[in-house]
Amino acid sequence: MDSEKLRSLLKKVEDHEMSTEEALSELKDFSFQDLEYAKIDHHRELRTGYPEIIFCQGKTIEQLRGIIEAMLAKGSDVVGTRADKEVFESIKDLDPAFVYYEKARIFSLQKKKPNIPETKICVVTAGTSDIPVAEEAAVIAEVLGNNVERIFDVGVAGIHRLMSKLDIIKQSRAVIVVAGMEGALASIVGGLIDKPIIAVPTSVGYGANFGGISALLAMLNSCAGGVSVVNIDNGFGAGYYASMINKI
Amino acid sequence: MDSEKLRSLLKKVEDHEMSTEEALSELKDFSFQDLEYAKIDHHRELRTGYPEIIFCQGKTIEQLRGIIEAMLAKGSDVVGTRADKEVFESIKDLDPAFVYYEKARIFSLQKKKPNIPETKICVVTAGTSDIPVAEEAAVIAEVLGNNVERIFDVGVAGIHRLMSKLDIIKQSRAVIVVAGMEGALASIVGGLIDKPIIAVPTSVGYGANFGGISALLAMLNSCAGGVSVVNIDNGFGAGYYASMINKI
Amino acid sequence: MDSEKLRSLLKKVEDHEMSTEEALSELKDFSFQDLEYAKIDHHRELRTGYPEIIFCQGKTIEQLRGIIEAMLAKGSDVVGTRADKEVFESIKDLDPAFVYYEKARIFSLQKKKPNIPETKICVVTAGTSDIPVAEEAAVIAEVLGNNVERIFDVGVAGIHRLMSKLDIIKQSRAVIVVAGMEGALASIVGGLIDKPIIAVPTSVGYGANFGGISALLAMLNSCAGGVSVVNIDNGFGAGYYASMINKI
Amino acid sequence: MDSEKLRSLLKKVEDHEMSTEEALSELKDFSFQDLEYAKIDHHRELRTGYPEIIFCQGKTIEQLRGIIEAMLAKGSDVVGTRADKEVFESIKDLDPAFVYYEKARIFSLQKKKPNIPETKICVVTAGTSDIPVAEEAAVIAEVLGNNVERIFDVGVAGIHRLMSKLDIIKQSRAVIVVAGMEGALASIVGGLIDKPIIAVPTSVGYGANFGGISALLAMLNSCAGGVSVVNIDNGFGAGYYASMINKI
Amino acid sequence: MDSEKLRSLLKKVEDHEMSTEEALSELKDFSFQDLEYAKIDHHRELRTGYPEIIFCQGKTIEQLRGIIEAMLAKGSDVVGTRADKEVFESIKDLDPAFVYYEKARIFSLQKKKPNIPETKICVVTAGTSDIPVAEEAAVIAEVLGNNVERIFDVGVAGIHRLMSKLDIIKQSRAVIVVAGMEGALASIVGGLIDKPIIAVPTSVGYGANFGGISALLAMLNSCAGGVSVVNIDNGFGAGYYASMINKI
Amino acid sequence: MDSEKLRSLLKKVEDHEMSTEEALSELKDFSFQDLEYAKIDHHRELRTGYPEIIFCQGKTIEQLRGIIEAMLAKGSDVVGTRADKEVFESIKDLDPAFVYYEKARIFSLQKKKPNIPETKICVVTAGTSDIPVAEEAAVIAEVLGNNVERIFDVGVAGIHRLMSKLDIIKQSRAVIVVAGMEGALASIVGGLIDKPIIAVPTSVGYGANFGGISALLAMLNSCAGGVSVVNIDNGFGAGYYASMINKI
Amino acid sequence: MDSEKLRSLLKKVEDHEMSTEEALSELKDFSFQDLEYAKIDHHRELRTGYPEIIFCQGKTIEQLRGIIEAMLAKGSDVVGTRADKEVFESIKDLDPAFVYYEKARIFSLQKKKPNIPETKICVVTAGTSDIPVAEEAAVIAEVLGNNVERIFDVGVAGIHRLMSKLDIIKQSRAVIVVAGMEGALASIVGGLIDKPIIAVPTSVGYGANFGGISALLAMLNSCAGGVSVVNIDNGFGAGYYASMINKI
Amino acid sequence: MDSEKLRSLLKKVEDHEMSTEEALSELKDFSFQDLEYAKIDHHRELRTGYPEIIFCQGKTIEQLRGIIEAMLAKGSDVVGTRADKEVFESIKDLDPAFVYYEKARIFSLQKKKPNIPETKICVVTAGTSDIPVAEEAAVIAEVLGNNVERIFDVGVAGIHRLMSKLDIIKQSRAVIVVAGMEGALASIVGGLIDKPIIAVPTSVGYGANFGGISALLAMLNSCAGGVSVVNIDNGFGAGYYASMINKI
């Protein structure tokens, strides 16, 4: 409900191009469609520059199909995260153009070719087990129109592995660091480069990692200056955030 | 054991209408029936104005059937929460009048038509995944004799959705706000209206939401004044509480 | 920004009684005054029925004086919570009509006599040490225009004390239960009466009470139906909430 | 290795009835038998007055059979806790005299009739769902030779239920209180009687009970004086402890 | 409100020796005196066998003096715990017979000589720093009329120290084990003797002891059977509980 | 130790312009100076684009003076955070050009005028009490050469306050949101704009905010996509990160 | 990248035996092989004296096979931990010489006979249920070339069992103590011997052991001096660490 | 009470060189002296090879003086940790030979020159604020007779600092790594060298470091193999442990 829209609407009322009741109704129904169980935000793309992305986990297949159909009807792009293979199987008939990224658990349908800047986003993982979360981040960034460089398994216990990839990392505009266990990789990369780092703690590990808390705390307490953190296993949030930075 | 009853009983003893031993026995056996594994509280309805509602989770089918039969024998209304479909299937033969609310996981049998006030209770959810808990709250409030308005998926990340429903929310006498993740919806509604809000944190989310703790803490720390909180996923408690307020 | 106001404003624009720019400005500056470090919400009283109450803890004396002066200038009532004696001493010169409630750590200045309903709010504490929090709740409720009944030190370990006061408790419209340690008093009162209970856990106790967590968890897990909870030591929130219920 | 035994052994050495090497060996091999994966403590009964009780959870069937056979060979009584039905089925062939208590998940084989004192132990539960833990406590106390009184489902939200059973509770020598959720029952019983109470928090509940922590903290913070606590769901520990007190 | 009293009261009503209103009033005012900020429980001694003991922490001097004066007026014994030296200095003028136990932070005034059984209670500490909590336990037990044996600084890291005192420990009827840090002493004593052990975790330690949680968890998880636990630093509770057991 | 430097160094060795021992020594002593208690990183500015900033908390005055003198001797800019007034008083004699920002607890000495881009960073707070943390963020961003817009006290409980400032917020390149209590402001701003948000939880609040955990968890669980989080009260980290984004 | 290697490489460049580009490439590709999803560290054995050991949990069968094949191709020894039977079944065809240790969930293939010192490592468990973790520790130590002594089920509740094995324990060079529940065994062994103890908390237990936290905290808070701790259930880490000490 | 001593004692009894009562008494009073509030362990040095070291925190000056006098009387070496300057001032008159290490808060008096091996222990810190804990570790190791190398402030955010010191670190026999905040230094050192690392988390930091938990968890979850952990801020434990390893 920003000033621009409000001003033009008020102008129409002033010019008697629109009645007050129409204006009221416009202000209310303008921006979303009511499916009863889900309000779909068709104008989000205008407002924030990104389409609404469906978080599939915790939604029933019926709800998902309803949401997707409404989005398709409006000609929106459709992207879904946390979609297991079975979920994808049960919605893919809605449009033959759907693509599924299995490792990332993401499906997407993109009609508009996004504008892809030349600058890159780099996704780095500490270990092999961090790859699923890293793929979620990477695919989201790609879906949103970014070039992504993947550098996996360069974890702390063998720091020379990281060093050999440092030039590639330095050429990125934003770096996503995905790590479980002691989560130290974010601090180390942060001490070596001057680009914003988005740290993603993962729930990988055992014993006192407590579902990712050990990595989360380590990343929040990073003594390197350019590190911010998203939620445990939140690859989506990291990819989205890196895309925002890359597209500035 | 309130003063009224005690006074009349003492009067009967004074008037020799009742022996001391009878009085003693009355005082003891008066108010509940012993099933060995469960004491059923037949007079609760008199005492608190609401029938005892069975929390099915953690009880065996045998125990449930025993409790329900005893309640039916006394002519009580019977309501059960946290009853999965299988639970309902295995008790529904006890009375053909049983109704099952699947989304809310509640069954009920109500002989007495409750007195329904004109004022409303409003149940609001942040997302689609919060609906099961919201339905538990809504159905309990309905079973207890209230008009309920459902407004789902008007969460914080798209606050304009909420704004369009504000008039309806303002006309309610009590508002139940159901939200997981960052649980901010309760504070926002609390800042916009002057009705008591019952906040229900849900365990929806991932990563550092820790089974609902993130939403619980956010709601407890709400800087809006008119917000109180019930337990994580406790739709029942919220519906019951809102009913109390609505029936004042 | 409710429909009523919006409609009338749009009407004025339509009728050329107001320019679009005036309307825009109205919509923006209408409801609060900017002190740079604090936005004072003069229309809150209209919107939620209660004046904005200043949470003094964490604000400097200068900030407090600035906020109070701005409120006095608008003729608002002024109420401050978490105000230690020294805080009060350093602001009381701003108006001779200020009153200070020491046990509750609240100051107030009320020009308008609030409308006091006949129904009561009851404030119950488990122990003597819970009294400061209980007084905060009680004074806030009184300041907002309610009759308050105080029943202190009727804790769980001597349940007969509670029983003797039950008639008074039952006649209240809302009951605030303040308890630290094991926080069981809320459940017990909840099992005995049919009025909404607002439970306030206190940080009173020692050992594994963890600053009130033991009481907080106990109250959230109350097996009695009519109990909702506010934050640890949050007497203000409880008094405000009970007032909302009492004034329905 | 108490003084008595040591003195008599030293005496034998002094009197040349035993060589120093024999004495050394005696001191070492005296008290237990080595099964490699489990050291069985045959003299525990002498030392602490109670046989060693097998905690079955986490042991393989082979290990359990080995342990039981060794105990049977020595003529020991055999009691096992946390034994699911399948566990019992796979060991019961070792002796036809084995008895299985399903609700308590305990099996036992007792050759010696224990000495049963006239005084009683009382086991009280707050709800129906607490019964399995309560049965573990009750059966252990019975197996160790005590009269046990069971009083189930007399929880806090309906305190009059408890009152009617108070006379029975008061006649016990030790009271085991089993409760989940807010765990308040222990405090209440503790405020009404002057016998030692052993409180057992259970993991029954939902939301912020955190697997029994809410009840555990409430019980530890009990403001009643005569309450001590055992681990969450530790019916065995409570039954054993109550037996110790009853047999003094 | 036990059966005996109720029966005799009902009898009087039946015999017209007492009016119903008198009976009602008797039932209500019978058992405690109302000081507004504290309900004093004069009949607690009759009911539970122990006088009410004042927990001084968190009470103002005025409240303490009021409570003590009321107790003295009724001829009750007076015992106060968590009383720092300054607290004692400001109440001791109320009766010259007050005694102060500085290490235990307890004051007492006992007119009636308690009946002291021959059996003993033993208080054991792991380290020197655990002594203040141990003294609270020991003095409370003595004040309640028990012989107490103190055995301090026999902690786990030098287990031979404990062994030399084992005979004394074995002759006690209940053993209080006070330990901070890893809290293992309770398990060890529990494995060596067959008497009930009351374990008191202390907040002594540093680093990850978290104010006593490490010892608390260790004691709750004790693999020895005869161990129950009271709250962190709760010497009072342990002494009171041990006295209950010793006086059976 | 990036490829460029390594290549040129190897070239010199190859061309016999440098001996292997010289090369070795160069590789080791090149980049920092050893003060024994602190290694000062003079080339950090080259490597990451930002000078090393001194975290004063936990360092002695002597250590601070030593570090500052070494930096001044090299002609470095000097910036210190978490510097209380007393700290500043005891180091300011080292150079008359030192400036102190009291609310932000930062001192700085900047010889080189930083290059300031036209784009802005916006710092938003929920309440008045969040201002110290917000000032730390704002001053750090300014010191690093950025235009900063401050918008304070636009918290969630009065969301219309925020709306009136939305245009300013939207024109920023990165938004720092500082909030305590329920921390919801970050989600709300995130739902309204399409710029990267750096959320800073503060330890402001009481009761169950647990020193900032409630806000931290809420922000990590934000359902808005463009939110990343730094440590509790870490204004420095947020300002530094926003500067990185603004300077891309 | 230690000085020795660097010096010799620089020398070659100086002597024109190697071009700068070759040197650069050498420095980068020298030490590991890139499998895309896993960087294999062939020179780790040279660098740290131990081969890289594969942590199988969380890796797919394909990834495991790829890693193993690459290691076999280089002639490396191959050891995998956390390998369930199914995992082993699906990789064992890669080389007939693979050995599987079922209790320890480890497979290994060792071509080089390790050098086994005469000194021993001792692995001690408190209970029978701790054996799987203890076996992981023991087998890792054996695989790395050590003599291992196993002493199982000598837990705290029967301390005399431990005493009889003390001579064997004392002859070891490092002692691994594996314990769940209250984890006291580490302190006790630490008080009796003067060898470094590696304590491994296990997640064995129930109730408030919280997946091993109780044992972890107890071990960290050990009042015995020679105890260090590895992660919960981390048998691998303990075996590896003990081997390091034994091979000094 | 090891076999050797027991055998010789039994031999004397057999040879009538000692009566059974003398033997009994010997076995009991042999190894420590009773000060009532502290048992001093004079034979600890024989048993574990190290003198008992006094943990001063939480002991009164009187207790400390008593303990030290008893140790001096026996000719023991005396070492005290956690001794603030004031503590040292009030005990130093007991012997003019006392030395005080202020940064480490340790005092010592050593008559016997310890045997110092040529091998070294290395103490590494991440930051300047970690130095007090590191000094405690270093001084304890020196007092116990070891050469110690200090390498301070080589933290993760500037990893090249660490690299330049790697040769020194590699030549040590055991490495103590002291770090707060994200605690990653231990993992990094662990990935670079093949010596046992003792990691000490410190409570340095702010925000979500929770008094050292962030570093503690990171270190426990280290993915490097040769890392074990002692308690938060436990410099003493680390120095003692490293000494054990160095003296093998």
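To keep things simple, chains are lettered A, B, C, D, E, F, G and H as they appear, and every chain counts its residues starting from 1.
We take it that contacts are C-beta pairs under 8 Å (C-beta built on N, C-alpha and C of every residue); 3 or more make two chains touch, one makes a residue touch a chain.
No experiment lies behind these values; they were computed from the predicted model shown.
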Chain H reached from chain B - shortest hop count over touching chains: 2
Partner chains that chain C and chain E have in common: B, D
Between A-F and C-F, the pair joined by more C-beta contacts: A-F
Label of the chain whose CA centroid is most distant from the centroid of chain A: E
Chain B-chain F separation of Cα centroids, rounded to whole Å: 49
Rounded Å distance between chain C and chain G, as computed from the means of their C-alpha atoms: 58
Intercentroid distance (Cα basis), chain B paired with chain A, Å: 38
Residues of chain H touching at least two other chains: 1, 3, 158, 163, 191-192, 207-209, 213, 216, 220-221, 225, 231-232
Full enumeration of touching chain pairs: A-B, A-C, A-F, A-G, A-H, B-C, B-D, B-E, B-F, C-D, C-E, C-F, D-E, D-G, D-H, E-G, E-H, F-G, F-H, G-H
Touch list for chain A against partner chain G, complex: 128-129, 131, 152-154, 158, 160-161, 163-164, 204, 206-209
Chain A-touching residues of chain C, taken from the complex the two chains share: 3, 6-7, 10-11, 13-14, 16, 19-20, 23-24, 27
Chain C-facing residues of chain D, complex: 126-127, 155-159, 180-184, 187-188, 190-192, 205, 207-210, 213-215, 217-225
Chain C residues touching chain F - in the complex, by the definition given at the top: 1, 28-29, 31-32, 36-39, 41, 44, 57-59, 63, 82, 201, 203, 212-213, 216, 231-234
Of chain A, residues touching chain F in the complex: 1-3, 47-50, 53, 163, 166-167, 170, 173, 191-196, 198, 216, 220-221, 225-232, 236-238, 240-241, 244-245, 248
